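What follows is a single structure, written as structure tokens, with notes after it.
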Amino acid sequence: MEPVVTAIRQVPLEHYVALSFILFSIGLTGALFRRNTIIILMCLELMFNSVNLLLTAFSAHHSDPGGQVFVFFTMLVAAAEVTVGLAILVMMKRNVDSVDINQLNRLKG
Amino acid sequence: MNTTILAALVPGLPLLGAIVIAALRRSLKGNSAGLLGTLAIGSAFALSVMLFLGHDPAAGPYTAHLFNWIDIGGMHIPFAFQVDALSLTMMLIVTGVGTLIHLYSIGYMHDDARVSTFFALLNLFTFAMLLLVMGANYAITFIGWEGVGLCSYLLIGFWYTNPAYNYAARKAFVMNRIGDLGFVLGLAWLFNVTGSLTFTEVFDRVAGLGPDVLTGITLLLFVGAIGKSAQLPLFTWLPDAMAGPTPVSALIHAATMVTAGIYLIVRSSVLFELAPFTQDVVLYTGLVTALVAATIGVFQNDIKKVLAYSTVSQLGYMFVALGLGAYSAGMFHVTTHAFFKALLFLGAGSVIHALGGEQDIRRMGGLKGAIKVTHLTFLLGTLAIAGIPPFSGFFSKDAILANAFDRSPVLYALLLGGALITTFYMFRLYFLTFWGAYRGDKHPHESPAVMTVPLLVLAVLSVVGGLLNLPHVFGGHEPMKHFLAHAADGIGAERLHLEASTEWMLMGLSTALVVLVIALAHGRFAKKATLDPEADELPFLPRLLARKWYLDELYERLFEKPYGWLSTMFHRVGEGWVMVPLMNGAGRLTQRAGQVLRLAQTGNMSFYLFAMVAGIVVFLLMTLYGR
Amino acid sequence: MQYLFYLFAAISVLSGLFVVTARNPVNSVIALIVCFLSIAGHYILLNAQFLAMVQVIVYTGAIMVLFLFVIMLLNLNNSTEPQKTLLTRIAAVVAGGVFLLTLLAATRQGVEIAAANPADASVGLVSHVGMALFKDFLLPFEVSSVLFLSAMVGALMLGKKEKVAA
Amino acid sequence: MSALILTSVLGVVLLYLGLSGNKSILAPTAIVGLVAAGVMSWTGWNPGLMEFPTMLKFDQMSTLFNCAMIAVTVLLFLFGIDYYRRMEENVAEHYALMVFSLTGALILTSYTNLLMLFLGIEILSIPLYILAGGKKRSYRSSEASFKYFLLGSFATAFFLMGIALIYGVTASFDLAVIGQKVQAAPNNVLFLLGAFFVSIALSFKVGAVPFHFWSPDVYEGAPTLVTAFMATVVKTAAFAGFYRFLQMTAMPPALSDTLLVITILTLFLGNVVAMRQSQFKRLMAYSSIAHTGFLLMAVLANSAMSWSTLFYYTFTYALATVGLFIVLTLAKRAANGNEAIVIFRGLFRANPWLALVTMLLLLSLAGIPLTAGFVAKYQVFMLAIGAGFIKTAVFAVFMALVGIYYYVLVIREAFTPAEETPVLVVSPINWLVVSACGVAVVAFALWPVLVG
Amino acid sequence: MVLLALLLIPFLTALALMLARPTNTARHIALGSTIASLGLVALIWWSYVPGQTWVPVKFDWAPTLGLTFSLGYDGVSLLMLLLTALVFPFIIAAGYRQNLQHPSMVNALLLFTQSFLFGVFTAQNAFLFYIFYELSLVPVFFLLLYWGGERRRAITVRFFIYTLLGGLMLLFGLAYCVTQTAPISADFAVLHALRIPADTQVWLFWALFLAFAIKLPIFPFHSWQPDTYTMAPLQGTMVLGGVMLKMGLYGVLKFVFPIVPFGVEHWRDTVIWLSIIGALYAGIIAFRQQDLKRLVAYSSLSHVGLLCAGLFAWNVYGTGGALYQSFAHAVLVVSMLYIVGALKERTGTSELGAMGGLKGKAPRLAALFFLVMINAVALPLTQSFVGEWLMFNGLWQVDGWMAFAAVATIILGAVYMLYAYQRAMLGPDRWKMEMPDAGRNDHLYLVPLIAITLVLGLYPAPILDLVNGPVQQMLSTLTALN
């Protein structure tokens, strides 16, 4: 197992952090960028994944399984959220006949 | 009877009279109210005489302590009366002249529907006046001071349906109030430096005070005196005050209330003696007022207005006396003036009564045959005020002139000039009223006895009043001066030193000139009755005088109009444009902010997301670099 | 080995960008799947085998398919969906860029974190994760059932057609 | 712990009961179950169950919060009897979802582990996303639901990022461990970032500016009962969670400053915008934002008294809110579904007692003496001043004034005679609940000892 | 127990009125209640030992907040109790002529106010004070909202908010002070012993004072007042002007002077000048007011400016005089407003321009009006004079110019009062219709008030003795502090 450890150590932690930040920002930008709510949901998933990556990297760095367990829970929650989200989306499509985020502006003021 | 109770009864009886008459005013029919009122004052007079007789001048003032009025912290103001020479003099004048005027009023006000109210007020006035002169401290004096002002207001506006009378009443009250401003401040200052307002204590403590403080205090007190005694620049209310019934003019606006300022200064003579600057101010104010009022008097056509200006002028003389430090001379003139001016007013009232309300001398004339008693007494009064020996006015005025001469011949000359003008307009009044042909249309009739008897009594007093203070040159001992000297150290400190020959010369000069002026007046008014037209038609200088030097107009432009304007502006601009909009504006601004911020809630979710991200970025930067 | 990391990193970033920019939602889904797979690759590099597996199964296998399914269901697979205005899009990019820059700037000095435990390559193995999951994290595991239950109930409730169009 | 289990099971039971099709037993069952859970929570009854001290700790604070939240839920369910009478379908699901959400809330008050915080928040939120869309054919309801969901998920992403960063620094999710580690090495920028992100996400949950945008829209769009639930239980739980987080992981000063700015913004925006609302539910939403500002002040003061103040404030606020939403529903029915403030007009004529209680509740929200809201506000001021936030407190004073303004406007409507006096139909249970809220609001003011 | 009874008598009566809603007997019941209160206060006064602070009721309420339910009184409290108890029967009695709708509700609200006012004046705990202070607003709010005049909806809310602005600042200041105590307590005794740093006091002063500045109100915090006074029903104005503003005075004495003496020292001149400017300003404005009620509002504003200036003179004359004057002012406001009501009842208007010449028809009313008015212009031997006299002396000791400006207000007072009297009552009688003169009821109402005015003007000792002790004591502790 030793080579694995060294292999992990070869990539500095900062790079993982940076990568995670970049992915997170891409997701964030996408959420602002698009009108299609489904894409926005996907961007959110991307953000979750960037966090997962970060957690795993830290977990490996600390050699602590807790982080990975957390990632597992994140995935569960993400799955549940997606389920609910898509259900809401479907309901909304039925009512609004659109998944355009800009169409949702009856509640305001 | 105990002196304290006696002293308390003197103002107490008029008060009681006022209350009783006011309470029973609807059940009092006919003359009963008048009789009650006269009785109350008469008893007060009797008690005053008793006090006077029982008073030992050498023993100093007697203090009648009733109860503690204001007692808080270091301020102990007792409700107490002081009986001494000065207050006794004033008490006798007030109650004595007051009784006569009350009696007179029974006849004068006989037909008025509100005669009971009138007598109640008159009694109330006497009460207040007595408080003024009897108070053992400045606070009690001030109670009376304001009280007489109030009664004056009520009596001037007695015939309330006439708006002009109401205005005159209001003017009198407000001008008095302006004077009171000075009085109150003076008292506050005085209390602050001496810790007391009781006369005896104050006078003991003032010696150590600096001249600036004393000058300030006395000037403030003098402002009060100016208001009450109708001196420049606050005299314009007094002529207007003639709107009241004539007995009121006689009692309040001639004999008693207006002399309150003199009384105050005489009472405070200790202070004034220590403040020479103030004495000069008093002197010159009195001088200017005496002259200005006299000049105005020449062109007046209302019988009461002439008398009013003469009152103002005579008060000026009194102030001159006080300014010269001749307190007893001032008080002497107060006394004689009370006699002859009351007499003149009552006489004028009798004339007005006789003519059914006519007051314009241009519509009189030739009355000496129709109303003989009135004529006679009026003549005596006129002679007294003109200063013909041996009438009382001669002695009192001469005392003042002598004192003035002692100070400066110029002063003497000016005052003598004023006296001559006085003689001129008084005789103009007299001749136009009683001589020549009758120019009116009503049938004149003599007044009832209830009115003429007081006239006669006053006439006698006007004639013999000079005896009260007969000077040495006539073999007298100036009894009044010596009597008063016991009241306060200041009064005793007079310093007139004239040769007897100089005095004789001065008297001769003034008498001669007066006689000359009378002759002039006789020629001008007795035979042909030269009548002045309305003021507007006069040439400039007489018009200026007839229009009272345009002082009323000046005050109106300078104070009344701007005040009304200020009131409107404060309300419109201060409240309407600033205060209320400020308050509403704060609310409206908040609402506007709410309205604007509300727009942020667009309902658009992209915007929400964007705002969240923007917020996060900003706060992130703040967190990282904000500290 | 680290070259693999950079390779995967490049793939995930590029595919991530493609997710955002692709006009057709289906393309976005495909790109996202690629991205997730590359992240799974990272997991393997980090020796987190269990997570890599779950990543592939749950995300790419279940979640993304669900997305695809919904897109098809709602008939959104056209590439002509309306776009935001240019200004909004620039603003979005700027916001995201600033956010990223701030984060990077904050961590520029490097993240000096002492490892909490001695290096142990076996933490990511299924057995280790399982032990942690069922020992230390038993309660969350149980509690998450409530979460699933409610998500399930909710999805059913919302997805179910109304009985009558009353 | 037993209460937690009971509520979880209760949800399932309710779902099963829903299958039976008998609507009328749902609420009573739920209420009985909740009362039992409340009793368990209060007594700490825990027969042989495992304890997970690294995950959940039931201390005095959580016990009180839990009982309060359960009590408020019971009140809401009592109201639900009447509220759901007209609804044909999914009633059981509504009750169950609310119970599940409550479970999440219970976790939030007592967690000691970030994972539990995360799960708690999700369990709290996900049922709400669904409940907000409870009126399935309503456009507004769908919109509210979706907005809530999307923004909520967005916040969750930040939340996770924050947890990941904190974990990166401390290698643990346990708050106690984190606290120790941070004290050993303060000023770590990653930890600061992590704490910042978590705080932001929690600010979102409590509805702090500028992360509040969801709340007015969702409050308006969601069914009234759900709105009431969100404004009360959810807010309470979120604050309890927030407080625990900041309390147990010593907050960096830089973060405290930022949160103070957020507090000020929240106070300002919430109050000022509420002034301009004509819809009662939106008004309540903005006023809830405003109250968030006050509560944040208490949280930031970070003293030993903070939690009791938070508890007192949130509980009494919840009582007042529940009562008001019930009154709103009644008035709304009389006004044919209109939700504007004007519908309160003539309330005093129609039902004096109800108007009086409404006044009490509004006065409590406004913070006028002899109502609990006053005591609460006073405590917050004391905390803020004690923590040295003098200027913020002065600002809060002004904002409280603005707050009073819009509540008073509602009171004024209620006591202004209407041209046509509305006909209110008040069921006995609703009457009881509203009265209970009104009485409680005064009682808690008269005996503040009762709660803290 | 007596104090508890004092609070409970009006409170329970009000509650009973509200629940039973008798229409015909409501006023009688309310009147009875207020007279009972008056009797009780008289009893307290009778047994009072001068110079004492007496705290008979005290128990813990909420120790964590520093709140104790402690009631008690010293001379100043007693004075305030006395004036509240004395004025309220008249306020209730004014209702007999007003004939407002729903008399039981009106009277209940008034009685609630009275109860809370008693609470304010007996509270020995700052927090308790605050509670009563704010509560007293609530019944007034409804009184104004239901029975007010034009634009009542907007003005009522504005009044409420403006007053609460001060109230909340006070709460803040209170909270600040309480946090400085250990163990936490808001008892006045504890707060008065606080030693707050001088520079803190400088700003804390405004936190504590603002509420009272608005309540009184002094310039420039007065903008709510004229509208509110004018719009409010007569009885409401009586409550506001007669009693409620005295809470401000009392509050200054209880909160500001003892807790932030350095602050007072720092701001004293500012406050006095503001007050005097306000007094002059309002006095000038009052001159041209057309509406008699608004004129009374501005005149009250002017009087109150003087009151506040005297209070802040901070010596026994100024402060004592202000307290004495507050009593006089209460009597004055009630009687003055009654006259306003009586005139409106007869002429159907309160516009001065529309009146005039009423004295011919109603001479007795005119006489009563006049007697009331001489109190307003502070003529000697009326109550007002004693108060103003003391205040002038107090102000003089601070600064001669202050005294000068203050005395100038009495000139303005004379100007607008006499002008108003003249416009309303004097002049030619131009009323065609028959008009009742002041009758038995008017006499029953006004004569006692006027008698109080005159008697206490002639013999002010009973009230001054009440005030003297506490004020001197307070001042001596303050001097010791400096």
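Which chain is which? They are A, B, C, D and E, in the order written, and residues in each are numbered from 1.
Following the convention adopted for this analysis, a residue touches a chain if its C-beta (ideal position, glycine included) is under 8 Å from a C-beta of that chain, and two chains touch if they have at least 3 such contacts.
Predicted, not measured: the structure shown is a model, and the values here were computed from it.
Participant: If you apply the touch rule, which chains end up adjacent to both chain A and chain D?
Facilitator: Touching chain A and chain D alike, sorted by label: B, C.
Participant: From the centre of chain D, which other chain's Cα mean sits the farthest off?
Facilitator: B
Participant: Looking at C-alpha means, what's the farthest chain from chain A?
Facilitator: B
Participant: Average the C-alpha coordinates of each chain, average all protein C-alpha coordinates together, and give the chain whose average is closest to the overall one.
Facilitator: Central by C-alpha mean position: chain E.
Participant: Which integer distance in Å separates the CA centroid of chain B from that of chain C?
Facilitator: 102
Participant: As a quick test, compute the distance in whole Å between the mean CA positions of chain C and chain D.
Facilitator: The separation of the two C-alpha centroids amounts to 31 Å.
Participant: Approximately how many whole Å separate the CA-defined centres of chain C and chain E?
Facilitator: About 70 Å, centre to centre.
Participant: If you average the CA atoms of chain B and of chain E, how many Å lie between those two points?
Facilitator: Going by mean C-alpha positions, chain B sits 37 Å from chain E.
Participant: Give the residues of chain A that touch two or more other chains, as numbers and ranges in rising order.
Facilitator: Touching at least two other chains: 17, 24, 27-28, 31-32, 35, 41, 59, 61-62, 64, 66, 69, 73, 77, 80-81, 84, 87-89, 91, 101-102, 104, 106-109.
Participant: Give the residues of chain E touching no fewer than two other chains, as numbers and ranges.
Facilitator: 161
Participant: For chain C, jot down the residues that touch at least 2 other chains.
Facilitator: As it turns out, chain C has residues touching two or more other chains at 84, 88, 91-92, 95-96, 99, 103, 106-107, 111, 113, 115-117, 136-137, 140, 144, 147, 151, 154-155, 158.
Participant: If we use the touch criterion from the header, which chain pairs count as touching?
Facilitator: A-B, A-C, A-D, B-C, B-D, B-E, C-D, D-E
Participant: Once bound in the complex, which stretches of chain C touch chain B?
Facilitator: Going by the criterion above, the answer is residues 84, 88, 91-92, 95-96, 98-99, 102-103, 106.
Participant: Spell out the part of chain A that touches chain C in their complex, as residue ranges.
Facilitator: 1-2, 4-5, 7-15, 17-19, 21-30, 32-36, 38-39, 41-43, 45-46, 49, 52-53, 56-57, 59-66, 68-69, 71-73, 75-84, 86-91, 93, 99-100, 102
Participant: Which bits of chain E are touching chain D when the two form their complex?
Facilitator: 61-65, 67, 127, 130-132, 134-135, 138, 141-142, 145-146, 153, 156-157, 160-161, 164-165, 168-169, 171-172, 175-176, 178-179, 207
Participant: For chain D, which residues count as touching chain A in their complex?
Facilitator: Per the touch definition, chain D meets chain A at residues 115, 118-119, 122, 126, 129-130, 133, 136-140, 142-147, 149-150, 153-154, 156-157, 160-161, 163-165, 167-168, 171-173, 190, 216-218, 220-221, 277, 282.
Participant: Taking the touch rule as given, give the residues of chain A at its contact with chain B in the complex, in rising order.
Facilitator: 28, 31-32, 35, 101-102, 104-109
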